[in-house]
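This report refers to the structure that appears directly beneath it.
The chains carry the letters A, B and C, assigned in the order they are written, with residues numbered from 1 in each.
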Amino acid sequence: MADAITPRGPKPRRRFSRANVMLYGTLIVIAAYYALPLYVMIVTSLKGMPEIRIGNIFAPPVEVTYQPWVKAWSEACTGINCEGLSRGFWNSVQILIPSVILSIAIASVNGYALANWKFKGSEVFFTILIVGAFIPYQVMLYPLVIILRELGLYGSIWGLVLVHTVFGMPILTLLFRNYFTSVPEELFKAARVDGAGFWGIYFRIMLPMSLPIFVVAIILQVTGIWNDFLFGVIYTKPADYPMTVQLNNIVNSVQGVKEYNVNMAATLLTGLVPLIIYFASGKLFVRGIAAGAVKG
Amino acid sequence: MSSSQSSSRKPSGLFRNLSAKIASVPMVLTALVVFVGGTAWTVLYSFTSSKLLPKLNFVGLDQYERLWGTRRWLISIENLAVYGFFSMIFTLVIGFTLAALLDRKIRGENVFRTIFLYPFALSFVVTGLAWQWILNPDLGVQNVVRSLGWESFTFNPLNDPDIVIYGILIAGLWQGTGLIMVIMLAGLRGIDEDIWKAARVDGIGTVKTYLRVIIPMMRPVFVTALVLIASGIIKIYDLVVAQTNGGPGIASEVPAKYVINYMFRAQNLGQGFAASTMMLVSVIIILIPWAYLEFGGKKRG
Amino acid sequence: MRKFSKLMASAALCTASMAHAGELEVTHWWTSGGEAAAVAEFAEAFDATGNTWVDGAIAGSGGTARPIIISRILGGDPMGATQLNHGRQAEELIEAGLMTDLTELAEAEGWKDLVNPSSLLDACTFEGRIYCVPVNIHSAQWIWLSHGAFEKAGLPVPANWNEFVAAAPKLEEAGITPLAMGQQGWQQNLAFGTLTLAIAGVDAWRKVSVERDVDTAKGPEYAAVFEAVAKARELARDSNVQDWNLATNLVITDQAGGQIMGDWAQGEFQMAGQVAGEDYTCLPGLGVNEILDTGGDAFYFPVIDDEATKEAQMALASTLIAPETQVAFNLKKGSLPVRGDIDLSAANDCMQKGLNILAAGNVLPSGDMNLTADTQTQIEDLMAEFWTSDMSAADGQARYADIIASAE
């Protein structure tokens, strides 16, 4: 798998051939289009409101101000709490860590069982899971409220963790199943001959060699759970609300003048955790996807 | 996604494979209790006149009759079809094209790939807000082009009922193509270099090689990509809410928004459940035959 | 697996011991500057009684907050108190026995004699028992006019809707959009409702909205209403903003002649430093029919089986309606108090107009109290479509009549 990320396409011939200029030209134009919104958000978040009203959204700030960032982080009000996003940040972390761990732990074991220890009906359950990936979450709100109430988990962080585990399961299970299917069968057989059982093989053989797919799963889950608004607001209490809820409150204030600069700063702050993860681990992500998502 | 290796481990008896069965309990519970149970619950209550609280007072097909006689639902379906069609095609084409461009041993691949992928790290709410801001006629693109001297330039999709769905499409593609590009790229990297050599020996052009040889070889990659894109399209909600909130008027409404709106704002649970049942039915019609072929149909002895 | 079930068990224990004495979590969707300042008055007054207000604000209007509120109540872990629009919204929750009966407190404090108009308390009453505390009155039937815009066009500020329509061509000549209108269903529906009262009159309105009389909905009075809405649609052609406050901003900056919007719009004018009567004029009932509805907000108290919490709930209910809290809250919120017995001399020109109409008893029950949310949503969808398409007035009226015919 180590060479999975070296390019396989035909080699471009010379450095400055016309085709090369075209290739880089195209890439740069497209990259500009993709980078534009982030650029606009950053630039806007550094401007004062008067400049925003008269100015051009693409122009760099004439006078750089960090006030919107300070306000978004620690001063913006939600109802009568004026603590900005900072209150939600730690809540998000507290929700994120157990959710990511539990959802990945369960999905990886599922994928392993589906790939290597098929039993009667296992594929049926898997098919149901995949169909479940298409169900709009909102449809499940009330049934889940009832299920959580019956489990006595409603309103606690653990209820929310369970919800994230459930809704992360289809895609994650698919990823892990595909990955474990591609593990050479000889390895598995040899371990069986040595007398290793279900858990023995999982912990001693499968886990050590599945770093790339775990990276993908972690990236997907961190992004998904961090960006979640709906479950966070429905299945927890105000004291536990994640950062996205505060973001919604800041951005959706119904009355008053819209402070675009504070909105943009708040948006960027909320997006910071997943953004950093993507910027830092892009290469691992591609490698993991290559290993898991696309092997047939 | 075949799985030929596992053919030798044929189960027999309840206690064979016991650990695997125990380990699968969370999956089985999720599938049965949440997905099947929740869906059945929703379908059941779609035949009732439930208002604010779910109640079992059955009214037959009334909710469905009303649903299909409602302009807003029909517009939502139409928007989903338009958005789904273009989103599917453009995401695949752009995703594949970007991946192919990146796969040509270019310099700075990491930089380009990161730029194409980062939007995926942002939520739909953020995406919607950012693009609402860029497409704002008085502050965004239209204003900038006009101030450059082209006074009559008009680009105001978010306030024009006829094209608003394309304004949402622009934002949706921006957010989603990066992931598909990575998947395509991974697929391209999985193709043997000898194929390219053979194609070159035979004198087949680059574009032709992609179309005739490479793409057919990447079928499983396209299947994964399709599942991801399609599940995203059906669920489209946050993006619309953040970017246009269904407006102007009801021109950019989508089915998931209709469901939420009737469940919670209109307090007509029955109507919301009927609408979500229709969404589920369409998903199942498309998905079941495919899922059967992909996962369930390969019974081997 | 065993670990997991242990986790679940301990989590269940956690939830069971969450309620603290005297601490009350209050859910509401008042998150903007003026609204939050108003809520702070409630919180302060409640904390002064020795209890603690735990704020549970959710932005994004009732549409976002309602599923959260309902889920919490259904999930068996309700908040101590919650904002809900009064009227038929909470009926089912009351029927299911999920809301606390406030009748004893209401009788002890004599709410019946205090609350004006009495329709507010009626909306809180279900089968003779009282389940909510009304806290303010908002009315929708206002038009806000920009003095600057009419000056530019060389016209006097209109005194009613007909003069406004007559002045429109001149405004357009001067490059001003006559009518500012946010492109959202509820705003378009609000304008429709306001025009109905102004043009068809109260009697026709009552027949349709309260008695659901389809013939009136099909009749000439409503035909005139739909013609007027079609006219308003023309006047608002060039207004391409979405949010209501951005539409208000067009009026503030003299880019538009006027806006039909509820009394909460004056918060925007105040914030922009504008003075009623000098920079802008407000006309209740569009200057035609000076009558206001009495919508507003109310607080409900979900049933919680804990004596200390119950006491705190009663203390909050009593605080919300106390005279001092009413004055402090409503001055900040820009709404009118629910008590007829308090002095609001600090109120501005527009609020005084509202108070006078209230005192004269020219009030309607709000639509919230008549049509179900379901029917209102259907009308809202129709209006959203009507305003953004070329639907003829006759078609619009026919579809409106259909909705009224199927209303429960």
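Basically, contacts are C-beta pairs under 8 Å (C-beta built on N, C-alpha and C of every residue); 3 or more make two chains touch, one makes a residue touch a chain.
In this text the structure is predicted, and so the values were computed from the model without any measurement.
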Can you give the shortest number of steps from chain B to chain C, where adjacent chains in the path must touch?
-> 1
A count of C-beta pairs in contact puts on top the pair A-B
For chain B and chain C, let me know how many angstrom lie between their CA-based centres, rounded off.
-> 37
Expressed in whole Å, how far the mean CA point of chain A lies from that of chain C is 38
Taking each chain's mean CA coordinate, chain A and chain B are separated, in whole Å, by 16
Considering chain B alone, which of its residues make contact with at least two other chains?
-> 260, 263
Multi-partner residues in chain C (2 or more other chains touched) are 67, 74
Two or more other chains in contact with one residue: find those residues in chain A.
-> 141-142, 146, 248, 251
Contacts from chain C onto chain A in the complex sit at residues 4, 7-8, 11-12, 14-16, 18, 25, 27-28, 30-36, 39-40, 43, 53-61, 64, 67-68, 71-72, 74-77, 243, 245-246, 249, 264, 267-268, 271
Chain B partner contacts - residues on chain C that touch it in the complex | 1, 62-63, 66-67, 70, 74, 89, 91-93, 96, 183-185, 188, 240, 242, 372-374, 376-378, 381-382, 384-385, 387-389, 406
Chain A partner, complex, touching residues on chain B are 1-3, 5-6, 8-9, 11, 16-17, 19-21, 23-24, 26-28, 30-39, 41-42, 54, 98, 100-106, 109-127, 129-131, 133-134, 136, 139-140, 143-144, 147, 174, 178, 182-183, 185-193, 196, 200, 206, 209, 218-221, 224, 227-228, 230-231, 234-235, 237-238, 256, 259-260, 263, 269, 273, 276, 279-280, 283-284, 287-288, 291-292, 295-296
Listed in rising order, the residues of chain A that touch chain C in the complex are 77-81, 102, 141-142, 145-146, 148-149, 151-159, 233-235, 237-239, 245, 248-258
So in the complex, which bits of chain A are touching chain B?
-> 4-12, 23-24, 26-27, 30-31, 33-38, 40-41, 44, 52, 56-58, 106, 109-110, 112-120, 122-144, 146-147, 165-166, 169, 171, 173-174, 178, 181, 185, 188, 197-199, 223, 227, 229, 244, 247-248, 251, 260, 263-264, 267, 270-271, 274-275, 277-279, 282-283, 285-286, 289-290, 293-296
